[in-house]
Every structure is written in structure tokens, then in C-alpha cells.
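Chain naming follows the written order as A, B, C and D, and within any one chain the residues start at number 1.
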Amino acid sequence: MSSNWGNLLTISLFGESHGPGIGVVIDGLPSGHLLDLDDIRAFMQRRAPGRTAWSTPRQEKDEPEILSGLFEGRTTGTPLAAVIRNTDTRSGDYQELRIKPRPGHADLTGMARYQGYNDPRGSGHFSGRLTAPLTFAGAVCRQILKQRQIEIVSHILEIAGIRDLPLDTVTPDVAALAALADKPLPVLSDTVSEAMQAAVLEAKNNLDSVGGIVETMIVGLPAGIGDPIFDGIESRLGSILFAIPAVKGVEFGDGFAVTKRKGSTNNDSPVFAGKSIRFASNHGGGVDGGISNGMPITFRVGFKPTASIGREQQTINLLTKQADTLVVHGRHDPCIVTRAVPVVEAAAAVVALDLLLEFEGRSQAIRPGADT
Amino acid sequence: MSSNWGNLLTISLFGESHGPGIGVVIDGLPSGHLLDLDDIRAFMQRRAPGRTAWSTPRQEKDEPEILSGLFEGRTTGTPLAAVIRNTDTRSGDYQELRIKPRPGHADLTGMARYQGYNDPRGSGHFSGRLTAPLTFAGAVCRQILKQRQIEIVSHILEIAGIRDLPLDTVTPDVAALAALADKPLPVLSDTVSEAMQAAVLEAKNNLDSVGGIVETMIVGLPAGIGDPIFDGIESRLGSILFAIPAVKGVEFGDGFAVTKRKGSTNNDSPVFAGKSIRFASNHGGGVDGGISNGMPITFRVGFKPTASIGREQQTINLLTKQADTLVVHGRHDPCIVTRAVPVVEAAAAVVALDLLLEFEGRSQAIRPGADT
Amino acid sequence: MSSNWGNLLTISLFGESHGPGIGVVIDGLPSGHLLDLDDIRAFMQRRAPGRTAWSTPRQEKDEPEILSGLFEGRTTGTPLAAVIRNTDTRSGDYQELRIKPRPGHADLTGMARYQGYNDPRGSGHFSGRLTAPLTFAGAVCRQILKQRQIEIVSHILEIAGIRDLPLDTVTPDVAALAALADKPLPVLSDTVSEAMQAAVLEAKNNLDSVGGIVETMIVGLPAGIGDPIFDGIESRLGSILFAIPAVKGVEFGDGFAVTKRKGSTNNDSPVFAGKSIRFASNHGGGVDGGISNGMPITFRVGFKPTASIGREQQTINLLTKQADTLVVHGRHDPCIVTRAVPVVEAAAAVVALDLLLEFEGRSQAIRPGADT
Amino acid sequence: MSSNWGNLLTISLFGESHGPGIGVVIDGLPSGHLLDLDDIRAFMQRRAPGRTAWSTPRQEKDEPEILSGLFEGRTTGTPLAAVIRNTDTRSGDYQELRIKPRPGHADLTGMARYQGYNDPRGSGHFSGRLTAPLTFAGAVCRQILKQRQIEIVSHILEIAGIRDLPLDTVTPDVAALAALADKPLPVLSDTVSEAMQAAVLEAKNNLDSVGGIVETMIVGLPAGIGDPIFDGIESRLGSILFAIPAVKGVEFGDGFAVTKRKGSTNNDSPVFAGKSIRFASNHGGGVDGGISNGMPITFRVGFKPTASIGREQQTINLLTKQADTLVVHGRHDPCIVTRAVPVVEAAAAVVALDLLLEFEGRSQAIRPGADT
């Protein structure tokens, strides 16, 4: 069941990095949504390589071909399938990886899981390329959410331990945050952004890599959406966010920081804002008991440093049964955090639309003409 | 779908804090397992109140009655249902909470989600009491895992920011860690344990509360178990761990700390240990690409400070539509981290057995006679 | 996953015939529904033994105890769990069945599936008693559907090949059909009813058994509900109806009879009935492409003759490894079709409410005050 | 969730009849299976039009392109996605169908379900063309089952009420039945086959259509596979078989015929066949209590006559809001039963492999080298 996610809205991912193509089937979409393909392309471009000085030279156009679920420009409501062809593949050197597994990669676990039969080229199904169809799915969901005034925005909170300014998670300026996507890095402080970029380039020059943290908000989700216990918003987001390669930590609201606090300073108190109910603070990340409280849903996703580095590393040789060393070749980002931002947003969009469909049902999911 | 979790092994939780009873249906258990009820009771006692100086005076015997799925002391393989009666309930004062929702609780979100019809007494379905049947389910799974030499052990890493000694996650002393359960707090350092206890008592005396972090390991899971993408071990554990009340963060291996590292220091290198493959370090928490690598699966779960505190807090009054203040009465732990430890282990046991069943199938899940 | 069914509304069944109790957890119910317990008891009584001259002398009160999900008489929206205690159990003679498996029963398959560890007493988890909690779940769903003017009605179409008058499936008299439940058998023709009863009694006197067919309609389901392909109404109903013990066939509309027809006589033509769209005939059973067309959803469920009969039968002896003979003792109905009618309706109610929730979502599932 | 089916083995279908392509994602396949593409093509050809004198002149090559999940000719174990391009599409006349819905079709229900936004061309997602990717998925599963000596064979039991000779469901000649696929119609009696063909041609000449019944067996499934209650073999097969367009009835073993029998003649008695246990008869279709008993799993699937016929039919006009008449143009089979045979077998293969994976697990699903 590795490739399927969702309750009423389901996505089914497929593909390998160097196979014919990667893609996704999205089922349960509301019908009648006028899909803005340029907006989808623009969103996917944020994930594409080549936007920073250090990103992988692999050039993939990442143009999704929609095979089904779209008619006269609108979603039909039946499964929407999209395929992205792999074009710029160079698979010559993968045999070494089957003998000398890369530290920090799924080379050994993939072999164990699939008894050696998985596609090893470019990490196969374990490749970060699989986030491209996820990003496509999120781009579609995001458009539908926007019509409901639900927006998903992010910044890079940290790269290499260098920390951006804090987000306002109580009354965020959504337009300003959305505009971060146009900057070299989606970071509030330009000074911090430059320091982050310098850190990545330094790591690159040292044939090394760095990690970081993405902080994301879902703004506009009404109160009362989600479920207690196993289908809580945190459980659903946690489930899909940990599916993004290199993610090692997920926290909501102030996250692990709240473990050091007192209840008296951590509790978010409700307040009236006119007739509606808001909260004076948002340490909890907009979720109580698994259910939205009307405040922005906020969370942070921690990415490890890219496992593929140019330095010589210790590994084993499966032929000689001896210790060995390895220098990973191929084209790799010294920091995947920048390209991960739209992936995190896409995952959040899939979750948010699935939640919304359970709340609203199909009968009112898209009101005909609402988007014209 | 809030109450259901699992693929081949499923659990279905039910109950409210002050209703007739809480319980769980466990489906998909291997047949033929000789259930050790004393061991289950002992495990559940670790979650029960009354083991520390500060715990809630609510006294619940928490004796599970098994209604089905057990015959002549062994699991039948058909659904095992267990009910725990609520006995020590005092529901007199819940009406105030419907008017003045408690900060940090699900009072408002529950009302929004269920249009005001959910049971408000003692937090109803949102109560921490629902972790009792989860703990029962985990206690059952844990026994079956132990027969496969799979053990789940924990310590409290932090309370109120006071930190225990680090775990050895490469070659852990499982027996020593398991023995921590017999100490006042499951903490490696007795000095740290005393400091933690003092901090909790101080918070209690100040009518306040503190949070903390539980660190847990699944030891003995073979390599090659789990799935890439959405059904990875981290996704599954993340999904169920975020369902535990008060959890705000989950991280695997070294977690968020790896975001500040270089790839060259973070990657875990494989090494031969005789004929088997191990790793020289375990920063990744035993999971690569969603799949176990044979090292201990390690993770940390961050708990917020208990939301219910005796201090006066700001809230709103839903009748007067004005700001108001609230003093939460009732019986509450100033720190739920100690009681949360077996809950985290139980959740991990459910995940681990589900993973194992997918790997081994039903045909060999329990070999008749294996446990005698 | 044997015990779980449903998408947005899920039920989880448990229990064995002679264990402490049987029951069900229903998750996803709309909140705020004022449950009429007398109506539930009355509905469940239709399944209870003792209503006909031939039914099993086993006397079970079948009183469900609701453990959760109900507060001040209304559904909370959180899981509703109910337990029915087994009281009138006589398990003395089950050892013979482990040695000499009963023809037509799950004795051998249960042993193979559970490696001999399943509870054999009274057929254990395979007992028809498990339909009691299903009937309870259906009784709850039925009430909620009735508020939406969705009714489920039935008659016995056949017993022992004796056939009742045909149903009007285009403009059924729902009240008249509902009133059939008060007759000795829910059959349109009293003459046919008497012939059916005579046939059952004759079989009983001959230590034999007979089968039959239940025909059921879901009336009032709006057009446009359901899904194409795998989640069509026929697939969902088929899935749950084949879970009822002794069911060997399910057909929709005119069913297998349409295989002998021409398209020109079988197609249902739409017609205007005022402003709304109806169909001139209902050979298709109200479903086109898996989706409701607004006509009554009609289907037939074929039950085999009761496998447990008093006559001597050929079987094998698992100890001697030789052929052997068996006389099944115990208390058994010579025809379970009469008691199966509410079970079929209950299964249909679960399906219909699950379908409706997907269509309407949670936001409008119960409008507060709608039922007062 | 309309497009997804399965527990451990899942398939996700997508596509519309006249869109760019149709396809399927198969997840959970055992790794290491050497896929025989010629065998897949040959199996799919049995579904393709053009094999009989009457079949639709639409010419589709139905060549699946495998996008993922295959490496060096073997299944990787990761999702296997296949796309079939639609090439021979003529969509000129679909506007009429949006105004004058076809009797017996999903035109009205599709409009209601998707609020008018579904693709109407060639029935869109409701087209029988969607059975092509299902047939592909079944072709893959069938190969893996064959390695385990599990075979799926069929004949056409009836067309237009003309009935073939009965199958031997106790000791079937599997090779002879498999060879039926090479005949003009897969029918035991050549005389019957000719009568069936004549009946279809007569219907075609009368601008009408006929229905029929497919009878299928899964031979070689070991005893003890499946689940009681909701995940029984009959429930699973029922669920997927009713998803095939035009199916109105499904029955197991002797099906509805057993409703007219006595228990004494219907019960299947176990017998020893050497050391293994068989049954003297197979009225029950190889399933007791939802679980295989080791006998062939047998079932019948009833297909209605093709809804699209050349005769003038009564319908409504959605523009004029008046009654109207319709002559369906386009290319349609006067009988889809012949092409449905491999579709039924494919659906059965998906079910059987999913069942087998739950039984055997992933650890032994394919033993490396087993297929060479």
C-alpha cells in the first residue's frame, strides 16, 4: 500500500527515477474545477532543479501530461492521472551502488525489501523525483482550496542551523508570505537568506551537504475539521510529511519547544474577535484534539543533509564482503530544503482538501459556476 | 474513520471518559498466541495513575474484560475485543466547560466538529483515558513481538527541559532498558530522575504543569520491513504517535538535530558484523527510505505541558459572549509524560506487529507450539 | 481486516457464539441523532429466534448495551460501541465437531485459517449470531436514514422454491411493505406465506432444512449517489451482503433474469414526472454505472438451506483419518430466511448511510434540531 | 475512492473512453517476477474487439506501455503503472447524449454524480474500455498465480438463455478449460456455441442486443485462505465483479439454485483423498465461512444485454423538458459476454493474488529464482 494515500481524496504515486515515467492518479477530486495549468506549472517549477546556484544539473522539464479526469479544461471528478516522462537520465554507473551501498540511502533497505529486484538506477522508486507527481497533485488541490480562501504558505526556517525570523502564526500576512516564492530563497530576512546560500555553497565546495527546516501554514481552514484519535490533522499531516524523502522530524505549532514550557504559558486562550472565536496565541498550531480550531495550522518539517555527497565515505562491498570506500558520483543537490518547500506545501494541500471533502461532502464540493 | 488504525492488524478504539466504558477491537492478530494476562495487567499498570506522588487521584482499576478472540487462553485470530469499565467518574462540573472552554483543550474544537453533541464529561472521547485501550492493544502485540525477539524499550529523555543521559542506539542493553520500567521514573540517571520529579512537584505546587520527551526504540525488527513513500515506518509511526493526546512533535533517529549537520557526519555507514550487516552509527533511527535497516528503530515524542491547570486562565464565555476567566477543577496530572511512556511503546508495538504481518503473512505468523 | 467495513461510516464486528459477548463499534455516525432505543429493540427482535413455530429454542435476550457514543440520548458522533452478552450457551458437545467437521459449515476452513485455534463452540466467530450486532448497527443507521425519507423494506420472495407475488419496484407502497414486518412472515400473499410455513415445517419434521430468497428495496435515495467502478452501489452492497452467513447469490434489479432478455426490453427509459426525472421501468434496480438513478435500489439475496440438519450425514473423522458419519445436534433453524430479512435490511442501511455521508459530508449530516 | 481496490495488492484505475489514455497502477506486486509480455498481450487480446463477427468495429491496439515497476524484465515490487492510449476515437456525436440520455446507461447518473462535468464522450469513465486496464492488471497477477499452480478458467454458461454443458467443478480438467480460449467462443459444446453465435447475430440484425452468464473457476487455491465476515472470498469477489459494467448478478457454487434445495442434498461432505481433504461435491463453490476449502472457487456472473442498441428508444429531452426518442449511434457490441470472459478472469486474478499475499506475506511471495 506504499503508493496510496487519502480517505475521500486519494493519490496513487508511481515511478522510478530512470524508468520511462513517474506520475500520480488523483481520485475523488471535486468535479467542475477549471484547472489553471500555468499555475500548476509555476508551482511545480518551484520544485524543479536549476533555480539556485547549487542545484543538480539534471535538467528535467517536468511537464505533466494529463491522461484523464479533465474535460474541456475542468476536472471531471473521475480519476485524474498525470505522467511526467523521465528524459535526462544517465544510468551508467548504478552497478557500483548495488555492490557498494551508499550511506544514508535506501540502497540496502531497498534490496532487502524487494529481494534485490528494485530498480537501482538513480535511487529508483526511492528517488526524490517521486516528489514531482506529489507536487503536481498538491498543485491541483491547492487551486481548489484557494477558491475556498484556504491558502498554504511557507518559509525556510533554517538551513545549516541559520535561522530565519519567526513567522506570525496568529495574524499572518498571507499575501506577503505567498510572495516569498518569488525570492531566491523563501526566507523572510534577506540577510539570513544570503547567509543560508553561503552555507550551502560552502558545503558544496567541500563536497558536503547541509539540512534544514521548512515551516508551513495552512491558513483559512474553518474550525471543526478533522477527527479525534487516529485521523487527527496532526496524524494525517505526520503520515504524509514523513513520506517525503529525508524528513526526520515533524512538529506542530511550537513543537518540541513546548516540552520545556509550563502549561500556564503554553495554553492558547480563546478570545472573541467580533462574533467569531479566535485565539490569543497559536502555540498549538491550530489543532486541538486532532481538529482545527480556526487558527492557522502550523508545522515544521526537518530535513536531513543530502545523503549523496562527493566525499569519500565508508561503506561495505557486498561482493568482497569487506569494508570499502565509496565516492558518490551523479548529480545531487548539496541542500534539498529549497526544493522541498513546494513539496511540503503540496502534501499539506492534499491533506487539507481530503479533510475538507469529509466535512463538506460531494454535494457541495464545487458549486457549478463558482469559479467563473 | 477516527477510531480505526492499521493495515493487516487493525485496532478500533471507542469510549468516553465518563461513559459506561472504553475499549478496543483488535483484528488480524495471529492465532494461537498464549496470552499472558498478568503481563498485560503489569504493562497497563505503568500507564495507570497513582504510581507517582503527583498523579491524578482518579482511581480506575483499568481491568480489561476480554469479550472475544480468546479461547482456552490463546488468541483465536478473530477480533479480540476488550472493554474497560469507567467506575470512578465525577461528572458534576462539566456544564461550566461547555460555557467556558478550557484553553489548550478540545472543548471548542469538539463542539465545532460534533455540533455540540459530543460528550463533554471529563473531555469525553478526547480524554487521555482513551490511551488505556490503546495500551491494552499494545500489550497484546508486544507479547507476540517478544516471541520474535522484537522488544520495545524507552526512557524519559526530558521533563521540563531536564535531560536524561543519551541512549546507546547502536548496541543498546535491552534488558537494562526494560528494567527502567521498575524505577520511579524510567530514566537512566537517578540524579536526573530526582531533578525531574522535583520539577513536576514544583509545577504542581504552583498549580501549573510541565511537558517532556519520551524516547523509544524498537529493537530486533529485521531489515527490509516497511514500504517506501506513504507506508514507510516513519509515516506509520508518525500517524499513530500524533494520535496520542498532547503530542506536538515526533522525530526519528537524531531528529531535528540532523538538520544542523553535514551529510558527512550524519550518514550512517554500513559495516559487516560477522556475516550480518550493521551500521557504524544510528543517526537515521534505523529507517532508510521508509524501510527498516536492521538497527534499532529510534524515535522521540514531544508532549506539551498538561493543559488542565489549577491557575486562573483567560477564556471566553459562550453565554455572555464576553471574555471570562476559568479555574479548571477536576483531577489532573501536572505532567503526563511518565504515564505516556507505555502508551508510546504500545503504539509502537501495534505498528511493529502490523509491519511484521505484512512481511510474514498469516501462514507463518504463529507457528503452533512455538510459544510453549 | 475481516471485521471492518465502510468508508466514512465504519463498523467493526466482534464476538463468538459462546464467548462472553458479541458486539460492534460504529464510527462516523452523524452527531446529534436522538436514538430511539425501543425502535432498535423492535428491529432487532425481527432477527431474534422464537417468532416462528420452527425457530431455534436458543433464547437470547439480545439486549445491546451501549458503551459509548451516546450522550443524553443522542449520538455524539464519536464511536458508538454496543455489546450483546451471550447468555444461553451450551457448549458441551463441540469437541465432536473438531473431530468430525460438519458438512456445509466452516469447521474445516476455520481450522485451516486459524491453525486450529479458533473458538469452535457454536461455530464461534462464524456463527449466525454475529448478525445480531450487524442488525444493531443497521437499526441505528436506519433511523438516521428515515429522517431523510430513505426507507428500506423487504419481503421474502421465495422459500423452498415457493414464490411470493412480485414487488412493485417502480412505485412501491412503502408503508404497506413496512407493515409486512408485523405478519408471521414478511410475504405479500398470505396464501404463499402459509405454503412457505408448511414447507419449512415439513423440512423440520424430516430433520432437514430449506433455503430461500430475500428481496429488498432502498427507497428514497437521491439520484447521483455512489461511484463508478469499484465503489459502485452494487459493489458495496455485494461486498456486505456476501458477508452474511449462508448467502450464495446477490442480484440487482431483475438480476440473472436480464441475461435472457433483449436490450430493447430491458433498458429502463427515463420519463419526466413533473419536473423530476423518473424511469418507466426498474429492471436495473435503480443503479446505473454504480450510481443511484433515483428509483428504488432493489436487490435479491439467495440463502442456502441451513447446513445444520438432524439427519445423519457423511463426513470425515480427523482422528481416525477415515470416513465417518455425523448427526448434528444443537439448536438450529430449519430455515434462516425469515430471520435474515432484518439482517439484509441492516446491511443495506449501513451501505446507504455510508453513501449518503460521502455525498453530504459531515457539515450537514444532521442539522441540529432537525429531529425534534 | 472509486478507482482503488485491494488490501495488500491494490489497483488504481483511471481513464475515459475518448481521453488521451486509460491505465492502471498496481501496487504491492511481489518483486522478481519475470513478466511475460507476450502472454499479457495474448490475454488482453481475448478482451479486444474484432474476434467475433459481431464485435464493435472500433479498433484499438490496446498496447499497454509500462511506465514503472519493471526492471530488466522483472517486477520491482514498487508500483507498476501501465497506460493504454486511446487512438480510434470519434467523438462527434456526444452532444446529443447530454440532451437525450441513453436508456440503460450512466448518462443521467453520471451527470447527477459529477454535476454535469464528467466526460460524456464514448461514456467517458463509465465506458467498458476501463476493463482494458483491469484486464492488464489481471494478466500480470495471473502469471504470478500460475507459478503457484493456481489457474483461473472459464466458459460462457449462457448467451440469450442458450446454455452450455455444465462444468465439472469437483475434478475439472483445467488444461481443457484453458484451451477453450482458443475457440470462437469459450464454450464446452460446439453445438451450443453455434446456437449462441446465431442468437447474437440475430439480435445484431434486429438492432438489438442479448445478455448472458460467465462461469469461472479459481483452481488450486489452498484451503484456509480468506477471512470470515466482511473480507470473505465471496465478499471480495462480489465487490470487484459488480464493478464490471453490465453485471447485474453474482452467485457462488450453485448459487440461487441452492435456495430451492434441501440441506441434505446441498451440503458438501468432506472426504479423504489420500492424506488430503477434498469434498464429494462442490455446491458451495469452494468457500465456507468466507474461506477457501481447497476445492475450485466457482462463481457465475450475469451480464445484461448491451444497453446501446440501434433501435429507436424512448427517453427524455433535457432541453425541451419533454419526452423524446433516441437512436443510439456509435459502435457497440450486440453482446459483450464474449469479451467479458477475460475481464472476469482478470478480476478474479487480482482477488486471488491479494488473498495469497495476505496468507504468505512478502517474505516468501516470490522466491528468487523460482521462475527461471
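Note that contacts are C-beta pairs under 8 Å (C-beta built on N, C-alpha and C of every residue); 3 or more make two chains touch, one makes a residue touch a chain.
This one's a predicted model, so the numbers in the text were calculated from it and none came from an experiment.
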| item | value |
| --- | --- |
| Chains in simultaneous contact with chain B and chain C | A, D |
| Partner chains shared by chain A and chain D (touch criterion as defined above) | B, C |
| Chain A and chain C: spacing of chain centres that average the CA atoms, whole Å | 45 |
| Chain A-chain B separation of Cα centroids, rounded to whole Å | 27 |
| Numbers and ranges of chain C residues touching at least 2 other chains | 1-4, 7-8, 13, 78, 113, 125, 228, 362 |
| Of chain A, residues touching chain B in the complex | 1-5, 7, 13, 101, 103-106, 108-113, 125-126, 130, 158, 160-161, 203, 206, 208-213, 223-232, 234-243, 245, 247-256, 258-264, 266-272, 275, 277, 280, 284-285, 287-294, 302-309, 311, 313-316, 321-323 |
| Residues of chain D touching chain A in the complex | 1-4, 7-8, 10, 12-16, 19-23, 25, 27-28, 31-32, 65-71, 74-81, 83, 113-119, 121, 124-125, 362, 366, 368 |
| Of all residues in chain A, those that touch chain C in their complex | 7-8, 78, 228, 357-364 |
